[in-house]
Amino acid sequence: MRAGIIGVTGYGGLELFRLLTAHPEIKEVFLYSSSKQGQLLSDEAPHLLGINENKLRSFEQLETDELDVLFCSAPSGVSSELLPPLLDRKMRVIDLAGDFRLKEADTYRKWYGKKPPNTSFVNKAVYGLSEWNKKEIKEAALIANPGCYPTAALLGILPLVKTKLINPKTLIIDAKSGLSGAGASPQKASHFTKANDSLSVYKMNKHQHIPEIEQTLKTLADTEVNITFTTHLVPMTRGIMATMYAELADDIQSHTVSEIFNESYKSKPFVRVFKENTDLFTKQVYGSNYCDLTFAIDERTNRITVVSVIDNLIKGAAGQAVQNMNIMVGLNESEGLQQSPLFP
Amino acid sequence: MRAGIIGVTGYGGLELFRLLTAHPEIKEVFLYSSSKQGQLLSDEAPHLLGINENKLRSFEQLETDELDVLFCSAPSGVSSELLPPLLDRKMRVIDLAGDFRLKEADTYRKWYGKKPPNTSFVNKAVYGLSEWNKKEIKEAALIANPGCYPTAALLGILPLVKTKLINPKTLIIDAKSGLSGAGASPQKASHFTKANDSLSVYKMNKHQHIPEIEQTLKTLADTEVNITFTTHLVPMTRGIMATMYAELADDIQSHTVSEIFNESYKSKPFVRVFKENTDLFTKQVYGSNYCDLTFAIDERTNRITVVSVIDNLIKGAAGQAVQNMNIMVGLNESEGLQQSPLFP
Amino acid sequence: MRAGIIGVTGYGGLELFRLLTAHPEIKEVFLYSSSKQGQLLSDEAPHLLGINENKLRSFEQLETDELDVLFCSAPSGVSSELLPPLLDRKMRVIDLAGDFRLKEADTYRKWYGKKPPNTSFVNKAVYGLSEWNKKEIKEAALIANPGCYPTAALLGILPLVKTKLINPKTLIIDAKSGLSGAGASPQKASHFTKANDSLSVYKMNKHQHIPEIEQTLKTLADTEVNITFTTHLVPMTRGIMATMYAELADDIQSHTVSEIFNESYKSKPFVRVFKENTDLFTKQVYGSNYCDLTFAIDERTNRITVVSVIDNLIKGAAGQAVQNMNIMVGLNESEGLQQSPLFP
Amino acid sequence: MRAGIIGVTGYGGLELFRLLTAHPEIKEVFLYSSSKQGQLLSDEAPHLLGINENKLRSFEQLETDELDVLFCSAPSGVSSELLPPLLDRKMRVIDLAGDFRLKEADTYRKWYGKKPPNTSFVNKAVYGLSEWNKKEIKEAALIANPGCYPTAALLGILPLVKTKLINPKTLIIDAKSGLSGAGASPQKASHFTKANDSLSVYKMNKHQHIPEIEQTLKTLADTEVNITFTTHLVPMTRGIMATMYAELADDIQSHTVSEIFNESYKSKPFVRVFKENTDLFTKQVYGSNYCDLTFAIDERTNRITVVSVIDNLIKGAAGQAVQNMNIMVGLNESEGLQQSPLFP
């Protein structure tokens, strides 16, 4: 297969490049850039010297290049302009931005503060939560690849919401991310001297991933709720941890929760269920496509705490995108994604 | 005044030393150690070369030294053995360990897994949450200095619990700490290569600070509840952030919450109330005795999120201890504690 | 005394503010800004909420404000425009930028790539290396405060160069700095995801501190040499370590070097000489005005290795500036600078 | 092929496991432990849950297991006891410890402070610096895999020493390492609160890698010199940077140095030569087997600065060990080692 990447110099794009060039079924990877066409990728990304020496291609070339699958890792707001014309060309398209995730135009407008994309394309887009939407993904032409926080959160709570083990109205998600989630362009909040040795909270109740999680609970678990969701920046490069709280339905015991988690993910190669009350840490999935889960039940309060960890750039972005590509083209889901976590 | 410190080579002890030697009313600081007596503090703590060149004193010397106030920063379980005999000597004692915090012997036994201290001394101990227990502290002979997490949590929620603005039964505390909270002795979890560039969750529903928070809500806010409390290790040296969630009572608006916070802390020099939905970060209090607060109200869910940040070694330990000493001896509460946060 | 700070929102400026507001002889601190006049400092620097609530003053106000001493912490190239008119007003001026450090206009032009300042003002400027130029500083109207790297390097090698214990032609300085040295404005190299968990080398043989060190060796040690000097960025906020290498003159023994170091600094409150071959670390001076030194002699190669550590924002910038002010106005050199290092 | 690993729970061992299980020619990997036999690797290393579920094998099993190649990643002093009996079994053995590196028993005794291994086995051992000793490695039964610092240093300077472009007597190596080089067992120096946000120097002129570098300059470049070598701990998990200084031989120009570097490594897949004066950073090789090089010539001093960066656990340990295995068994040198660096 031949794959293309738009936005390869961003962090999601670099990871797509890394994964796709090592993928056994991908024979060629074309890289596109509007601003840096003609340059070498290694000029921007010196760690790739000698690994890729093809020049970045222009968007004009994209119009005629024959690709089996195109990944778009441009900022939100760009792909909604760029991708629709390409969809007519029967190319499979996987968009890593938020543009095609929210089905309601008003919701998009409210949370992104931008003009929503054309409805007909939004309707075509399939939400690419690989473990829970596989059947739809298989048939899709356009994938809206999930956000990093929603991936971590939904993999942890969907089993419990679907089986009604928890009261979904009580759901609170306290999410923490490494700085790579804030992107590759230097900003005040991601300046080393601001972020190092410090933990910050941001966008309380305002993060655009809130409606994405709520919409998915509705479409995939038939549950309409508003959630409380808080985001934090942790002084680390990669990794997301979501710590999630909810009231248990009556008389739910630990073993039932364990069974539900194990059952939900027993045939899923990238979700690992750890024993109750395990001290998970984000680095245990660093550099891999895994999502690791644990939980703790507190009998004193009848609440459950669910914890999930992912590498935000892999399972939360490029890795899940490649997983979706595998599903779309009928390959083994884990093809090219079996890298072990890098520890320490 | 003459002050003594037991356990000066631990992190709490080092901060006590730093603060007390710069305190305008302390003329002399005596340092005690069981294992390192006769050595120089700067042998253990090279950053103090030339700052302290007195030898560490023995516990035998403690028996005869005349001190106005004694700070004990020994590990939990030590001070309950060490301190009772000293209390007869009319020395003011401030204990930074957990030994004298919990009033119920059974609770102590359950959460600390150790033999509880003698009841008569536990009963004498006053819980040293400076901003909320000042009157009792003034009269106390023995202070049980609050834990780091409870300090951060209680300063954030006490105003709301006391005024019944929130439903206390719905209280969930998601707490995050830097590694210095884990102490000075090398362990697997605090090994640099394990902790660096990673975030971990630990002791879910099992942390010994849970009963401390619950007991204080009862004694200081007349509210008996069980809380959900989770702790995380963040790859930073100092700092605690507590992100707290609760349902609002009916019809509570932002301005009411702001007023309650401002009213509660208007005459408190070390609690700073920030505007609603401020992006707080732990480094804004680094090296200082401040506790900074903000909150966000979510009308969609009728929940409030309260965020507090402290330097765990200062407001969460040594700083609050000195603040309590100031209160006990009738000094201005902020004497010797007015260091500005160190940023960046 | 009344002090003024230009450029208070930069990192050097923030440290000046912190030190001057705690200085016992400074009664008032005026803050100036060209771009942010009328704003509160705490809007830019939330860690100062409640600590400073005066508005930033304009440069017009500076023209009429009566100040005893003015600190200028503007970027290189700005102070050479701004300061000359003020010098006529008999105000003592301490410039933290590089503008007035280099005496030769050609050298300035070559290494800074900018137009050199007016020669007459450059000639008036005294190089503010407090420990080695105290007599001149006392008489000065304008101080060119040393760069961070030169401070660390010169305090380590001047004793050896002056006494001819080393061959100065063989001098090699391998310097490492935390990211705060790169300033407060976000750049690619100081982006958290670029800098974290990584060490970089930069500006080999091209750093503008090279001629500053060479000029000072000439003026203060009568030694004209070219040095090799390399700079690195270490993933930490503060701190500089300079590891320096030179050939020993014939027959020099450890005890002679120890004696020279101890003799040079015995009456200097901010230079601490550690035993030979001590494992120094930058955090042992974090938040303090100390420069700590050690050395190791290798008999196999007849070379000496000298290591010095400073906090780049204090001894390498704001602290030394305040030390110079103390000297200029006849105060005790260490007034307002006796903060203990903050460890951990 | 079937491979075995002794000491798999150390950091070098974990990387060996990661690389060997992904190696296309390795069908089975057996793991040995003296202290943890019978346990699962994932009990010690939770990031490997579901990746390896075989039990750790005992040393008794090692005696009868049929292996093609055995990697020993035990601490120095252990392999010299453990490996000799195995060598009779025609198993290829690659030792990652220092035991078999130094040919002179007295040198080993002096720098390691331990009893040297049996001379006959030391004589059999081939120094596994893959790029410079390939012919010997091909014929070897026992490889002494190079130390992490020597690998970084020697790859940078061997081209210049062999061609006499520098004066080797002037060679100074200033080396900096991440904390994983200090091993997996918690120690004071690698405690997070000690190491974080700080840079330290250690073992000046005393590091056991000094004689290893000197011996290799003698055996591979016929040059007998004493070097100056300093080591530092940088607050990062992985990565080594060696900054090296030497006087140039007469009349050496930049282009000559570039040519020599390019010529030396043109057919070497894992050494990348960057342009003169490139700002190298350790993360550009993170997670990969690359060694990246640059240099800068200073005409003012006639010195050259050479900079090399490696991932200490890969090119500095496990990666080079696998590379040596590939060479020994006649595979392509880069088989199983083509992972791209992980950035950010």
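Going by the order they are written in, the chains are A, B, C and D; count residues from 1 in each one.
Keep this in mind: a residue touches a chain if its C-beta (ideal position, glycine included) is under 8 Å from a C-beta of that chain, and two chains touch if they have at least 3 such contacts.
Everything numeric here is computed off the predicted structure, so don't read it as measured data.
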Touching both chain A and chain C (chains): B, D
Reference chain A; chain at largest CA-centroid distance: C
Between C-D and B-C, the pair joined by more C-beta contacts: C-D
Separation of mean Cα positions, chain D and chain C [Å, integer]: 38
Centroid spacing, where centroids are CA-atom means, of chain B and chain C in whole angstrom: 36
Touching two or more other chains - residue numbers and ranges from chain D: 11, 180, 184, 193-194, 196-197, 235-238, 283, 286, 344
Contacting residues of chain B [partner chain D, same complex]: 11, 179-180, 182, 184, 186-188, 190-193, 195-197, 235-237
Chain D-touching residues of chain C, taken from the complex the two chains share: 170, 172, 174, 176, 178, 189, 193-194, 196-206, 226-228, 230, 232, 234-239, 241, 243, 245, 277, 279-283, 286, 296-298, 300-301, 303, 305, 307, 309, 344
Interfacial residue positions of chain B with respect to chain C in the complex: 11, 14, 18, 21-22, 45-51, 180, 184, 196-197, 237-238, 272, 274, 278, 283-288, 292, 313, 338-344
